[in-house]
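A, B, C and D are the chain letters, set down in written order, and residue numbers restart from 1 in every chain.
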Amino acid sequence: MKLLKQYWLVLLILLLTAAAVLARTFCHSIFKYDAGRMAKPSALKTNLITEEQLSSLKGAVLLLNLGETGISGDKHGNFTMKVNPDSILVPKYLDKIVSQKGPVILSCSENSVSARIWMVLTQLGIRNLFILTADQDPEILKKEFRPDTLSMPEL
Amino acid sequence: MRNKITILLLSLSLILALLPLTANRSFTEKPGKLLSDVLDEDVTFSVDQVARFIVTEDSTIRIIDLRKPEEFRKLCLPGSVNLPYAEFIGTDPDMYLNNRNIKTIFYSNSDLDANYALVYARGLGYELTYAMEGGMTEWMNTVMESKFSGERISARENAVFEIRTRAGKLFTELNSLPESEKVRFMESKKFSARKLDGGCE
Amino acid sequence: MGPISSSFIFPEWLEMLAAFLIGTGFGFALEQGGFSSSRKLAGMFYGYDTTVLKVFFTAAIVALIGSQLMSYLGLLNLNQVYVNEFYVAASIVGGVIMGAGFIMGGFCPGTGICALSIGKIDAMIFVAGGLTGAFLFAESYPLIQDLANASYRGPVRINESLGLSSGLFTLIIVAAAALMFWIAELAEKRFARPDITAEI
Amino acid sequence: MKKNYMNPYLAGTMLGIVLLLAMFISGRGLGASGGIKYCVVSVVGAVDRQHASNSVYYNKYFENGQKPLKNWLVLEIFGIVAGGFISGAVSKRLTFKIEKSPKISNKRRLIFAFLGGVFFVYGAQLARGCTSGAALSGMAVLSTAGFVTMIAIFGSAFAFAWFFRKNWI
C-alpha cells in the first residue's frame, strides 16, 4: 500500500501511455503503418498480376470485382466478391478481406480505381493484395514520339 | 524522486523498444474519408485540362512526372518536374507538396503510379493533389494525334482543338531538343528540396 | 499533427511570441534546476555536485521518449523535426573547445544567459566573452572554413548508423543514464564538499 | 529566505517537456549560442555594413534584406532572460553578485569567465550548436552530431578539469 501511495503518479502515467499505445496498435479503423514502407510493392511492381499468372495461382484466392466489367473468377474456381469501390470499407466486406488467408485480387476495368483501392487497403495493413492487369507492366509507354527536328524552340 | 523517474523512464523506453516503431509517418486521414475523397471525380484532370494549364502557363499548377529519369529525359510534358515514384514514396513528401497555394498534378505513363501517388499524398493530408487521367499514353493518343474529323465543328470543339494543337506544338518543340540541351533546361527546373529550420545556424 | 509549424504557417509575430515563450520555459527550467550557478555546474567535473548530469540527461531522455511516443500515436511527424547536421571534424574540435570554455567559465551559453538574468556578474562577463567569441569566429571564418565544413555526413541519426531501432537505442540510453545517475550519487557522497548552497 | 533548487530529476523532466514542446510547435530544438551569434551579426551589420556584405560569413545573414535580430533564436534568448528572471524572483535568488570559490579573487574569476565565454561560443559556432543546440536537442532526436558533440564537450571538460581545479574547489 505504501508503495502504491508513493508510486501512484508513475503508475498512472505508465498505464495511460500503455493504454494509448495498445489502442493504437490494435485499432483496425485507422492508418497506423509506415506509409512509405507499405507502399513499396507498388514501386517494385510486385503488386501486379496478369490473368495468366492468376490461373496458375494455387490456394484460396479472393477476387474482388470492383466494376461491371471485371472478370468473374468462377472459371478459376476462385471465390469472387462483387463490391462497389466506395463500399469496400464497409465491415461486411472489409472483414472478409482482412480474414482472407490467401491472396486478394483487385479486378476492375479501370486501373486508376484499382490503384486507389490498392493504396487505401494496403495502408490499412492488408498484405497479399494484387491488382489484376492486362499487361505485365502497364507503366510502359507503347507510343512512339516522332521528334520534329526542324522546329527550333524559343527558350 | 530518482527512483520514481528512473523507473518511469525505463518502463516507457521498454514499451518503445517493443514497438515496431519507425521514425516515419503513417496516413493521417481517416480511411472512410480518404476513400470517398479519392473516388470522387474531381481528383483527376483530363489531358485536355492539363493541356490548357500548359498552354496558359498556369502558375497555380505544378505538374509532377513520376516516371524514371531516363524516360523523363526522353519525353516529358512542358513545365513538368521529375520525381520518380519510388523516390516519392521513399522520402518525406512534405519537401515537394508543402505549398498550400499550388495544385499538384501527378502523371505517369498509364494510370497506376499517378493514382498511387494521388492516394498517398491525400492520405498524408495534402489535399491539393490530382492525377492526370490516362497518363502519357492518353496524352499521346488524344493531344498529339488530334485531327479534324467531320465537316462541321462546334465552337467548343474548336477551342479544345486549338488548345491541343498549341500544347502539342510546345510538347514537340521541347522533346525535339537535342539531349544535352534538354538536360540543361531540365536541371534549371529541378526540385530544390526545402530544408528544415533548426539548429543554431 | 505536429510539428504545428509544418501544417500551419505562423504569422511573424506569433512565431516570435512562440520563440519567446519557449525561451521563457527554457530559462525557467534551467534556473530552477540550479543551472544559474557556475559552482554547481563546474561541480560536476569534480564530482561534488552532479546536478548538471542529472538535469541534462533527464531532459534529453524525456524529450527522446516523448517525441517517439508522440510519433507512434500519430501526433508528431519526426521527419519534420530538425536533425542536426553532422560535420565530423567540426563537431569534435568544436566540442573540445567548448569543454575547455566550460571548465574555465563555468557556464555554457544557455546557462550563462540564464544566470545573467538573476544578476550574476560573472555570467554577464561570460556572455560578453561569448559575444566576443562569436565575433572572433566570424572574423576568422575564412581561416577555419575548411575545418568547419570538412567530412560532412548530413543529418544522420545514430541508431540508423548502428542498425538499431530507435526504441531499442532509447532503452539502451535510458539504462546507461540510470547507471550514470547511480554512480553520480555515489560520487557526490565520495567527493562531498561543505554545502555551498548558502554561498550561491 | 532563499528557496532550494528543484529536485534535479524533476527540473530535468520540466526541461525535457519544454524541449518536447519546442519540437512539437516549431520542429526545432532549443538553442542559445545561435542567438548570441545573431546579436553579434546584427551589431556588425549596423556598425559597418560594407564589411558585413563583403565577408563570406556575414553576407548570408543579410541576404534579401533579412533582419538578423528578428529571428527565432534571438527571441528565444530574450525568453531565457525572462524565464530565468521569473524563476529567480519566485525563488528569491535575485542579487547582484560574483559567484566564485572563496579561494580566488574576483578579478581572476571574471577573467576566466570572459575567457570561458570566448572559448565556448567560438567552439559552439564551429560545431554549429552548444550544449543546448547541439548536445541536448541533438540527443533528443538521436542525431549523431548531438552525441558526438556531447561526448566531446563533457570529455574535454573532464580532461581540463584538473588544470582549473583551483578556480572551483
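In the analysis below, a residue touches a chain if its C-beta (ideal position, glycine included) is under 8 Å from a C-beta of that chain, and two chains touch if they have at least 3 such contacts.
Note that the coordinates shown come from a computational prediction; the quantities given were computed from them, not determined experimentally.
Novice: Please state whether A-B or B-D has more C-beta contact pairs across its interface.
Specialist: Per the contact counts, A-B leads.
Novice: Counting only C-alpha atoms to place each centre, which chain is farthest from subunit C?
Specialist: That would be chain A.
Novice: Would you mind pulling out the distance in Å between where the CA atoms of subunit A average out and where those of subunit D do?
Specialist: 50
Novice: If you average the Cα atoms of subunit A and of subunit B to get two centres, how far apart are those centres in Å?
Specialist: 20
Novice: What whole-number Å value describes the gap between the mean CA coordinates of subunit A and subunit C?
Specialist: So the centre of subunit A lies 44 Å away from the centre of subunit C.
Novice: At least two other chains touched by the same residue of subunit A: list those residues.
Specialist: Subunit A, residues with two or more chain partners: 17, 21, 30, 32.
Novice: Listing for subunit C: what residues touch at least two other chains?
Specialist: Residues 5-6, 54, 58, 61-62, 69, 72, 74, 78, 80-85, 157, 166, 170, 173, 181.
Novice: Would you please write down the residue numbers of subunit B that are in contact with two or more other chains?
Specialist: Counting only residues that touch two or more other chains, subunit B contributes 2, 4-6, 12, 15, 19, 22, 24-26, 28, 196-199.
Novice: Which two-chain combinations touch?
Specialist: A-B, A-C, B-C, B-D, C-D
Novice: Taking the touch rule as given, give the residues of subunit C at its contact with subunit B in the complex, in rising order.
Specialist: Touch list, subunit C to subunit B: 1, 5-7, 9, 54, 58, 61-62, 65, 68-69, 71-72, 74, 77-85, 157, 165-168, 170-171, 173-175, 177-178, 181, 185.
Novice: Please output the residues of subunit B touching subunit A within their complex, sorted ascending.
Specialist: Spelled out, the residues of subunit B in touch with subunit A are 4, 7-8, 11-12, 15, 19, 22, 24-32, 34-36, 38-39, 44, 67, 71, 74-75, 85-86, 89-91, 108-116, 118-120, 123-124, 131, 133, 136-137, 140-141, 144, 169, 172-177, 185.
Novice: In the complex of these two chains, what residues of subunit A are touching subunit C?
Specialist: So the residues of subunit A in touch with subunit C come to 17, 20-21, 24, 30, 32.
Novice: Inside the complex, what are the residues of subunit C that reach subunit A?
Specialist: 69, 72-74
Novice: Where on subunit B does subunit C make contact in their complex?
Specialist: Residues in contact with subunit C: 2, 5-6, 9-10, 12-19, 21-26, 28, 92, 94, 98, 100, 125, 196-199.
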